[in-house]
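Here come two complexes built around chain A, the first alongside chain B, the second alongside chain C.
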Partner chain A sequence: MSTRKKNILKVIILGDSGVGKTSLMHRYVNDKYSQQYKATIGADFLTKEVNIDSDKVATMQVWDTAGQERFQSLGVAFYRGADCCVLVYDVTNTKSFQNIKSWRDEFLVHANVSTPETFPFVLLGNKIDTDDSKKVVTNKAAQELAASLGNIPLFFTSAKTAINVDTAFQEIARSALQQNQNDADSFEDDFNDAINIQLDNDTNSCSC
Partner chain B sequence: MSYSETVEQAISNIKQQTVLMQRSLNNKKLMDALKYTSTMLTELRNPKLLPKQYYELYIQIFDSLTILSAYLVENHSNGHHLAALYELVQYAGNVVPRLYLMITVGTSYLKIPNSPREEILRDMIEMCRGVQNPIRGLFLRYYLSQRTKQLLLPIEQKDSIEFNSQFIITNFIEMNKLWVRLQHQGPLRERDQRTKERKELQILVGSQLVRLSQIVDDNLTLYEEEILPILLEQIVQCRDVVCQEYLYDVICQVFPDEFHLKTLDALLDTSLQLNMEVSVTKIILTLCERLNGYIERIRQNQSEDNDQNPIKEDILERFWKHLLKLNDERPDLSIQELSGIILSIMNLSLIWYPTNIQNLNKLFGLVTQKCKDFGEERTQDSESFMVKLLTAHDLDGVKNYKKYFFDIITQCDSFQDLLSIQNSLSQMDVLTLIINCFLGNDTDKKSESQILISTKTQLERFLIILEPMITIKTLTPPPDKNTNEIKEYNAQLSREYLLSVHQEKLAKMCHFLIQNIDKTQFKTVESQLELLLMIKNVYHKGGKNIRFTYPTIVTNFWRMIRKCNIFKVKIPKRKQYYENLMKQIFKYISRCINDMFNNCGNVCMDLIYKLNLQSAALADQLSLVEISYDFFSEAFSVFEESLSDSRTQFQALIFMAQTLQKTRSLYKEDYYNQLIVRTTLHGSKLLKKEDQCRAVYVCSHLWWATEISSIGEEEGETTNFVRDGKRVLECLQRSLRAADSRMDNVESCELMVEILNVCLYYFVHGDEQTTHVGISYINGLIELIKNNLKSLRLEGEQRISEMNVNNGDSNNVNNSANGSIANKDKYVMGLDGTYIKLRNINNSSSAHIDFKIKDMNINDMIQIPVEHFDRTCEYIINQRDIDNRFKMVEL
Partner chain C sequence: MRVNDQYLDTASNKSIRSTVQSLRGQSAFNVRSRAQPSLSINLDNTIVQTIIPPANTLLNDASEDYDSVHDFPRLRSVQSISSIVSRRNTRPSTTTDQLSVNTSFDPIIEQTYSYDNIQDPSTGKLQDTAFGREVRKNLIDRLAQSIYSFPTSAVGDSHGMKPVVSNEIPDVFIDVESQKSNLKSHDKNFFILTSAGKPIFSMFGKDKEIIPFMGIINTVVSYFQVNESTNIRTINLKRTKQVFAFTVKAPIILMAYSRRGETTNELMQQLDLLYSYLISSINERQLKRLFHNRSNFDLRNYLEVTDFDNLRQICSLLSDKLYPDFTLNALQCFVMRKTERGRIHETIHSLLINDSKTIPRGTLLYGLILSHKQNKFKLCSVIRPKGHSLHTIDLQLLFCLITHQFENRDGDQELWLPICFPKFNSNGFLYSYIKYLSRADIDTGTEDTVLVLISAQKDAFYKMKTFGSNLWDKLQKEKLGQYLIRDRLKFRISDIQAPYIHHFIYKAKKYVQYVMPELEIHNSSPQKLRNYECKLKRYCEHLYSSVVDDNGVPINKTILNYLHWKDTSVNDDDDNNEQEFVEEKIDMMGLIWITPQYELYLICNNGIDNKDIILRSAKRIIHWCKKNEPRLFIQEGATF
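Right after this comes the complex of A and B.
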């Protein structure tokens, strides 16, 4: 194996419309927040250079997705090749919390990941800055859900006031890098033999 | 180079080429890597790919090109100068791979400091014109947009925002052209397929507006003056329905909502220039929803004590003007569409201006006008839309439907106008829904949900709204082609049923209205009475229908009379006033009953009879002797003239006896005596002997008043009521004669046992001298019953032996012989002569009541008086413990 180059980590953010997926991405990548609500159409990504565990460097591609199905008319092919999936709900919106499981299932169905059992998910409860009176999803319920989804990491975040956003994305980056390396190793393993013959032919025919 | 046959092959080819490319890059063989890249890019030339398949390959290739791009940036300074490379890739053979490579190299170059950014960007977007096939062109330009995302001119640079937005707009315009052109490619019969493909591809075009929105950020001037006009121009010019509907939606969704508030006129005006087939309803709905979201978010962020609308502009006025224009310019607009638009605007008004009901009035007025213009041509479909409009179906702007309907009914003239021109079926639907809402349970008890009728005008409006339901004759169900007699009969039944359901709602509504009178406005009973009379007068228009609604009115009159009586006692100096008022109300009641009599004919005589009796009882309780007597005499004339069915007559007499027995005030004149004699006489003249017998023994109680503790009467203390044992005995004798002359032995015996029970009642309640019902009389009666029962049993045994001979089945014989024991069913007889079959199922008994049970076994029938007698004997034996006199009763 050659020395590893800088890794590209693909992270997909999923969740209901209006839970703050775009805001979280903007807070993380640009450290900006806007009060305005704008819908996302299709899938859109931003990249950010990240340091993981102070010794590894990677480029993180954060894919923000449309929560509304009608803005996803071409399907979700962009799930493929993801290294980590971030599930976001709004702590003031029960429905968005209830839908987390179906977002996860939808991801696993379409992402075609090699080992669904170990694929890294991270759960974020966003809008934690709002008045306690408006919060309807309890921390306990969230912890139970995280546990039931295979003890996945859980963070309570606020894109508005930047609570926990960086911490969460560090964990996301770490999980993604781990997944990326696992995948790359297994990929190289089963690909090497299959391709060699063709590779030889190719070099032969082109050596002129 | 050519592309793979199938998508699966294409996917695996791209995978292989990616690995080969990565290897070459690892070995620093860039030229090889470019060659493999070019090979994989060939897959994107396949013209047979459907949009979703193309997207899948595109995503895969995008990821591979990301790897290539990273390598290029890293190695820029080690011999692979990107400027040179940019020139080099221009020599790739096919246009699609060439342009992908060019954009990949170009955008990598953009990452290098001091690269000629503007030049590269201009060149790339210019070169993209080389692909004019819609699907390939759209994806290529999407690639350009994704790659350049974070690499446009930096904000610090002068005029960068203008340049960047221009760059994206150019790309957007070209993409839109490609997208619209796709519709016109290929044969006409594949048009639907094209539309489907276009709808899938739409996000590629829409994403450009997302990019624009990111560039614009919060620069309203730029958006309002530069960007939106261009976008709207593009939308109008392309004349394409799919495009116009979609892009309007996207503009609403991706740009900030406060922008829409500022550019509302432009958005609304442009919507008038769209293709006629575009759904205006959808566009207005989207816009309204967006603005509603805006105001709600602003209110949430506002401090709680500030209730003022934070936005000064009257947006409803703008929508209203637009609506008028739309109505003017598009007379072809159907009622459905218009009502859909109006529903959206109603919701907007309710959310932005919750207290402004006149806005809604204007909107209803417009629909009314439109409906009148269309006249009879309205379809069934449009009716259902009207119902939705009139009931504000599913509007999130309505926080409390009760309050909403109250406001609409009491303040919106046009609501009533619109309702009045609907067909009766729709009117009933709307009214049923509204009434159900008022009658429904209050979920929130907040004071604001409390509805109070505080002026007469409000009540008048309510009544006007209800009028169609009040006056409805029968409902005409939708015509059925194959009507036959049975169906016609069923239809008739269901019409009757529907009518009664509607009228029941009206009756309940009367209670609702009376209960929700604002008592601070209508303090006196007299003023409340006035409101009730208003309701009565409107309900009177129902003609025959009043048989369903007037009982409620009468009930409310009764209630007011009782209220008057309370005041009469409390305020002695107003005694005369309240007494007069009570008399007045009794007259109204009498009028109501007469109206029912005159309008409904024979259908509700029974009801009229009962209302008279109950009014009589009330008047008696209030010591209004003359009034009470008058109602009693009315009841008698109804009985004599109109109640002809023997069963009804019997029931009516029992009711009369019950009512009379509790009266006290009638003693003063000789009224009581007159009435009870008349009742008993009627009882003895009933058609059937058994009815005579029972009616007369019930009437015997009229001469033996009992204490009513609620008016302070006590046993042994009170003496001033009618007790005349001689008359009691006469009644019992008359009863016994009737029982004896009944030919059916079983019934005759049963009747005698019943009379024995009545005798025992008097025996318990007084001594022999006063009641005249003594030991000898009772013993005689018991003797008679025993004899009769004996012959009855004989008859039963005879029947069984006959059956044995005929049947010869030993099992059956056993069963029949032990009939009453083995058989689980048990029969008793009700006090009105009905047979009641008691079933014991798992210890829970159920009763089946019938006048005649056809397949009843003779032995079961005999058991009825036998067991009744046994129970009576048991009672006598038990009484012996506490009353020595019972020891003289011979069993």
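Right after this comes the complex of A and C.
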């Protein structure tokens, strides 16, 4: 139907504080980058129209969450009903890499997704533009992690120099749409909900 | 009886404003939750920021807009004069306290009447004290001019026209903000989203604007669920008069925003209607099933285009039209002579009894004959089982569907429509047979008349169709059909001997029905009509909100309250020296009268401020409505 509205894809970005979640999102949505670091508080919301495989259009609703511990109580609310989850670590920060698995678990615990095994995650190693000397997370370790999390797609990105950002978000949109449609297909309409009414019984109606 | 008006002068205005300015930067929230009826939390800026950064910008902006919002160009200060009548004689001090909390315009409680005084306002006292004969005569002359301000009405019957009441009452509800055109500029908006924060519907706003906004709404709602284990009910910014009302019915979240001075309760009632519409289209069981294990479900794509049209229409009826059906929770009835209505009901009843071959007992659940004009439905006739009836909201939803389904279609069409009546049973569908008995035609003077027959049986279409046509044949044979398709007895305000009254709405609580005079519009461009209706609507809303507490419950079983809207911007004259035309001064009075039997909303002509005259007119209207009750209301209907 031509008047049909575009699918809304809810995408959650997770990762430690300072790995560049907001920068990635701004690079993708506005194609801008700011040197200045401002911690996200709570969550930020951005919207972008995406073309997927050049024939499908959807609206991506990106939920950029705060990495800091103190905002985690709201996680439940943010994760609910997501179509794709993006896990971000900083290639110059080992701890942020080690925490990826716990971010994923945290998400699965709260998101209440229908099929945890197949729910789409995308792993991003950010700040790839930095000097090799500063990089502490090897590509190999990242690939192993991606494989162990169920062969999830892995991208090395830089929000600063725009490396791989569009490619990564294309993949994110594709996974999200796939997930959205899988869920929609698993449902069958059933409008057989007629009410059985006996006129002599009391019903919960009001006077009019 | 002394009129003891007090006006806010500019000095006190300034002092109010300066307090507001000094308070700026703090956002005082009055947050109420369902579980705790009145939980007040003061969130300072920093906390708000940490939870919801974008919302904070919105709130901040709002507080910066304070001055502009309050600086009505035409209306400097508005005040109300209230009198409370109580049969029970509750302590007046408490009631008045409550009242002052609730009216947005700091009412000045003037006098507490005893009931006896009210019963007889025209006795001597009046003439000899405050109003000398001369003053009184002048006043009446002045007021008489205001009633007939339409050119032809001055000459009355000489053109074969009755004097008509001018529709040019002033608008005291001008909103400066609404002249801009972004999401924030609308003084009222509705949002519907899923528990995952995905948008379903909003009255205004483009996708790009509303999608992030829905995320914020979802976050606010979730914050209270997570941290307070409760559902947020309202955010009330008293100084900017902004109200955000929430209704959380997982998996659906609804929010209404208003700057129009509506109460949380009114907004929540409106949200309930929008939610009910959703349910009427998909039913609650279905909805739960759709979201079961799939909280990412995108309901927007499940709903039909019709659903969005209908939601939009309901929103527009709720915000821009004088459509008391929703606000009063009552239906309007088609005026018909008592004997005519009685004979119609008898005919229907006898057909139901004798025609049990076509329509076995239990097939027909409910039947209606409706008159339809300008998107308003009036009840002509009700066929219902003894002791059962449908909720007004259910019927209003049905009306919305009919309006939309028959738009741009010819009259011979019949519809068989599954519809869930949420107040009757929110988990299943009933089936409605809908057919137009006649279409509006100026030449023959007929109106749109609709027959609705409701059944619980999915396959009862042909039974309903046959019964429907038998019914119409019989009504025509008995020459009763003409009474249904011609609106002969509609009345105007000038038909009632109630001087200086511009408009009224009278609700008979017993029948859950209301009457009001036909709107008299001389210049019927859609925009003017819309403005006029909106104006009347807001006067009525304002009247109502002046007598209810925070939960929207009238503060007493019996209430009589006057509201006075007054222009006190006298000091602005310096700026207006150059102007040739001086605007009519705003001096509007309204009256609301609630008793266990009826509710009366009165809007007077501009310039009337004599409460005795108003009260006398009010009583005449009530008397007239009571006398004509069998004509104005369906009292019993055809019961079986």
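Everything that follows uses one rule, which is that the second predicted complex is superposed on the first by the 177 of 208 C-alpha atoms of A that agree within 3 Å, B and C clash if a C-alpha of one lies under 4 Å from a C-alpha of the other, contacts with A are read in each partner's own complex, and residues count from 1 in each chain.
The rule we apply is simple: a residue touches a chain if its C-beta (ideal position, glycine included) is under 8 Å from a C-beta of that chain, and two chains touch if they have at least 3 such contacts.
None of the values given here were measured: they were computed from a predicted structure.
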| item | value |
| --- | --- |
| Partner chain in contact with A:Ala77 - chain B first, chain C second, else both or neither | both |
| Which superposed partner A:Asp44 touches (first chain B, second chain C, both, neither) | both |
| Touched partner set for A:Glu117, first chain B, second chain C, both or neither | neither |
| Touching partner for A:Trp63 - first (chain B), second (chain C), both, neither | second |
| Dominant contact partner of chain A by residue count, chain C or chain B | C |
| Chain B versus chain C as contact partner of A:Ser34, first or second or both or neither | first |
| Touching partner for A:Lys10 - first (chain B), second (chain C), both, neither | both |
| Chain B versus chain C as contact partner of A:Asp132, first or second or both or neither | neither |
| Intersection of the chain A residues that touch chain B with those that touch chain C | 5-6, 8, 10, 41-42, 44-47, 59, 61, 71, 73-74, 77-78, 80-81, 191, 195, 198-199 |
| Residue ranges of chain A in contact with chain B within the complex | 2, 5-6, 8, 10, 34-42, 44-47, 59, 61, 66, 71-75, 77-78, 80-81, 191, 195, 198-199, 202 |
| Touch list for chain C against partner chain A, complex | 49-54, 194-199, 207-208, 211-216, 218-219, 221-223, 225-227, 283, 285-286, 289-290, 293-298, 300-301, 305, 331, 361-362, 365, 385, 388-392, 395, 418, 420, 423-425, 427-431, 456-458, 512 |
| Chain C-facing residues of chain A, complex | 1, 3-8, 10, 41-47, 59, 61, 63, 71, 73-74, 76-78, 80-83, 112-114, 179-180, 183-184, 186-187, 190-191, 193-199, 203-208 |
| Residues of chain B that touch chain A when the two form their complex | 16, 19-20, 23, 26, 51-52, 55-56, 58-60, 63, 66-67, 70-71, 74, 146, 149-150, 199-204, 206-207, 209-210, 213, 217-218, 250, 253-258, 293, 297, 301 |
